[in-house]
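In what follows, chain A forms one complex with chain B and a second complex with chain C.
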Partner chain A sequence: MSRTITIEPVTRIEGHARISIALDDQGQVAEARLHLTQFRGFEKFCEGRPYREMPALTARTCGICPVSHIIASNKACDHLLSVRIPPAAERLRRVLNLAQLVQSHALSFFHLSSPDLLLGWDSDPKERNLFGVLRQNPGLARDGIRLRAIGQSIIETLGGKRIHPAWVVPGGVAEPLTADKRDAILRLIPEALEIAKRTYAFYKTLLPRFQDEAERFGNFPSLFLSLVSPNGTLEHYDGLLRIKDAQGRILEDQVPPEDYARLIGEAVEPFSYLKSPYYKPLGYPQGIYRVGPLARLNNIQSCGTPYADVALAEFHLLQEEGPISSSFHYHYARLVEIIYGLEMIERLLKDPVVLDQRVRARARSNRYEGIGVAEAPRGVLIHHYRIDDDGLITWVNLIIATGHNNLAMNQAIRQVAAAYVEGGRLSEGMLNRVEAVIRCFDPCLSCASHAAGQMPLAIELWDTRGRLLERLVR
Partner chain B sequence: MPLSTARSNVRVVTLKIDGRDLSAREDETLLEVCREHRIPVPSLCYLEGLSVWAGCRLCMVELVNQNRLVASCATRAAEGMEVQTDSERLRRYRRTLIELLFAERNHVCAVCVSNGHCELQTLAQRLGIDHIRFAYRQAHEVLDSSHELFRLDHNRCILCTRCVRVCDEIEGAHVWDVMGRGSQCRIISDLAIPWGQSETCTNCGKCVQVCPTGALIKQGTSAGEMVKDRHFLPILARRRAR
Partner chain C sequence: MLIIGYGNPLRGDDAVGLLAAERLLDWIERQGDIPGIEVIARPCLTIELAANLAGHRRALFIDAALAGPAGAIRRRRLQPATERGPLPHVLSPTELLGWCQWLYGVAPRSSLITIAGASFNYAEGRLSPLVESALARLLKRLGLKQRPPQPA
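Here is the complex of A and B:
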């Protein structure tokens, strides 16, 4: 079947997320694939550069989640230095990472998904955006804009406007936090938390409407991979890897992130530049797993903060038993994590340690291999470098959240497509549903998925002989 | 040798720069006269306290009625001279020179340790360069990180030879030199061995401080962290002259 699907330059559409659907001889959906084009050759590009350039270099691979790359990359560099960074620096990095989480989740929920949730997938595309939401539910739209602004403002207070190059550095952070800045951030939290709780409560009232979607939007058994803290609570910055299976059994626990390669294999397929990671002991493609908010909440018993823990308990009730299997509930999980992120930022900043003046460990490289793993808003982010005696990069491997979810997204798209391909034709409503299921994962396609309004999509239908039957583009 | 060693009993000349009547000592260069009178003239290879190299040609000025461009850092003031430091033609040439410097090696300002503190970058901004009209050579350049304290990134070198001159003339070690011609031209340490193996280098760091770009830098710096300090240079140079 994979023979029928080729990426030729002519079939690639700039800035579009391209999806191909292959039919079997009976005209039923056999496979569906989201073709992601990642910046190729990036690994090669880094070779010969000093490892200290990696945070800035990798941050530029993505304009959407630079903070996540900065965190993971600097952690890999800390590992190369073989240092434990000062406690204040660790906390400040945590705050930055959580602020990014809040900001990114707010973008995903309010700006990108709420138009669908509120106005319906088949509503007028001209209305199906944040402005439409603003007309229908002005309070919600304003909350979204405000929450995102608060997340952004915390990031800027910490790292400066130009978050890209400077503040987080190998060994810690470049400058300590001042009491003024801490207080400025703390003043923002109550309002943000109010918004988060209000939105969460509102979303729960909406949920009964989405029975169908919850059943069909990427609802399938899979493994879940995430970091957890040493005592099994929610963790985004450090921690240990855990894998649960679809029945909720813990297959791997307390695995040091440096051992990721023991758990994760990376399949390379001709149709995508993005590698398809899988859980090694189960093989490819059976070892399919999901990462991100859904996986993180599925993997833990408690968040460790009061309001988030109440919400987490309600989250676990979405399904009779076992980990929540529907990808539709990524939305729910994001709202829980926003609450958690804000509560945690407040807790971290109220600890006087954050004002310590010692924030940077100085050292040169003391080992040849460095691995940095953190939870980006979209899931586990792995940076892995090798360097030579002079500290120059010889080898790089990055596994991004969207990559981890690659197999799961394909499966989710196939599930939705199966419901909307009739008699070998693409039916109405198809584009919107496929778009919506992709949005559940909030993949970082940079230009494609984060374009305001509708996602630029191209869907192609292929038969077994590799003939293009139909193509929908918008 | 420095062109401008101060001598006693030198004559004073009068000349016109950008229409202003000025006086100068006859052993002064046009660039020095301009600096003295705060007339902005871009320069890269020139550095007060070092000998004149006149390699970058950014300091070009026009000599009125001669239709000729001269490097102001290497031209002495003379009686009756009429100089124009700014014109459409000069701006075009300067812009082109800077663009060629960018196209010659690999400059990625966003991740460069010198980002925000780089003379090349500052000049480019001042000349309003927002894109490069020439194809980048994309040559594969190496990075010498063998030294304990410093690093040389050939990707960012503009071959201004400031490092060569400061090491030879001020420190007296002469670690650096220039090897090869044209596009093969490179800065080398000792007889083209890794800097860390150099037996002549005294680890003084003067070359790092005078380098205008992110080519010579301190180990352990991250993007934008390399700020150079060259206060030592004019002070040392003046003391030596005495």
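Here is the complex of A and C:
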């Protein structure tokens, strides 16, 4: 008798989702799906608005990564203006984007995933949270809180506020950086880097415990998509698109972000509001690819900063050859990127250009179509707008990082469920691992709201006639 | 002493705590730094504030209240929460003090001042008249002798 297991809601991710796992007559996993159950509608209700409102509007897509939307949206607006922004503005936007990366990765690693990593997937769910981490390793809990606070503080210093800052504007940034603010940020970096290095070293000591998870958590061949700099190093703000295959061959390189539609198609499935982007030349669903920290590090040979390059070399040793295929190693990649982000922020701020008073190029719209692409913490973020003669938006397409990973997340769930469901029997450990594999991708499904306290977790078993056979509630 | 004012700037009188902190910050900026006083304005209370709290002996939270006649100012002492649970995105002052105690082994002696709101409908940074006047009274009570200019 075939059955369906439903996990709803998935906890400790950003946003709300449901997982369903269908079992066949033999109790083996036949299908597994991630359902995004919220409809946001940003692409439609932005139509008719002036394009200059887009950064503020699209920043409200998310309470965790508004900075990423602000960056991509303003880049799309720069494109509409047909301007090249001043060098100081470009560097300052880079600093803001990297501060966002640091605070977001810190949230993912310390707050959301460290309870699994430290306490284990079979531990009591009531203990498997930040409080449990605090009891087990109080220093790690404090480090996570401090590192995130530093990332947020940099955003606040630059943008005026830590959530939805309006400092980035079409053509550059609204105000130049003062020496006092630069120095205040620079004073934070040594402490943050110390925390990042300490955490990285600690995580490496934990890794041998996770050989099973590394083997089974979304470990499959796929393509990898990311921005890279023109010389092939790590890039989060600008750069060109690169796609590598599972063997490490570069399929696409030096592709201007404005040509993204040549590479990426978007499929729609009836079971989710999340689109399923795919690599067009391979078709759907064969064109599965991953984005985010794992893809970014797989696509480069060098970060371009000293300590991150050492960590990158160690990252590449996780596998004998080829790009790292296990999604479990997103965690590792995040720690490498935190180090890189902090080193690069320091380097950018020590460049005297950042204090230049010219920070904004002014123009009216000079084209009807604008595309802005940046690397959000979770991967490539694409904003694409069309406007009319009055500068009003006529069409919007947003491809968010979590969307790029949709096909990969479904495959990862299927793999974990198949590995841990035995004879159709459910166990808390299996459910935890299914949730945990999703957390490897750190999906950001909306971030608009979260219930306070522990979310209920219900698992339902259904037969092929739609009858509820079993219901477990946590 | 740490003063944390918090509230939603888009929800009318709910913003009163946030505005109180912002006006205190404006005032302090004009006066020059006041040693020992830190003021923070936030839309909500998050775990990162525990580190700020740990560095002070006293803390004052300012928030809006649903109950009570509009403009009524209330003050009450707070104790750190002792019940532990998973970490939600948004914390209450007592939960935040609890996390401060658990994380850093200390929590400041704390109070919560609330101003009862009249309207929590959509309104960006605009308070109802009774709450606006209560805010001015509160700021005066906190030591601002002259009413600071309204934020733009």
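Things to note:
Note that in this section the second predicted complex is superposed on the first by the 414 of 474 C-alpha atoms of A that agree within 3 Å, B and C clash if a C-alpha of one lies under 4 Å from a C-alpha of the other, contacts with A are read in each partner's own complex, and residues count from 1 in each chain.
Going forward, contacts are C-beta pairs under 8 Å (C-beta built on N, C-alpha and C of every residue); 3 or more make two chains touch, one makes a residue touch a chain.
Computed from a prediction, not measured in an experiment: that's the story for all the values here.
When the two structures are aligned on the shared chain, A:N129 is found in touch with chain C, with no touch to chain B. Judged by the touch definition given at the top, the superposed model places A:E43 against neither chain B nor chain C. With both structures placed on the common chain, the touch criterion links A:R364 to chain B but leaves chain C unconnected.
After overlaying the two complexes on the shared chain, residue contacts for A:A166 are found with chain B alone; chain C is out of touch. In the superposition on chain A, A:A174 makes contact with chain B only, while chain C stays out of contact range.
In the superposed pair of complexes, A:L392 makes contact with chain B only, with no contact to chain C.
Of the two partner chains, chain B is the only one that A:R60 touches; chain C does not reach it.
Overlap of the chain B and chain C interfaces on chain A: none, as no residue is touched by both.
Interface of chain B with chain A (complex): residues 110-111, 113, 115, 142-146, 151, 196, 219-225. Across the complex, chain A meets chain B through its residues 48-50, 52-53, 55-57, 60, 164-166, 169-170, 174, 362, 364, 390-392. Across the complex, chain A meets chain C through its residues 111, 129-131, 134, 138, 141-142, 145-146, 148-149, 152, 163, 450-454. Here chain C touches chain A in the complex through residues 43, 47-48, 50-51, 84-90, 102-104, going by the rule given at the top.
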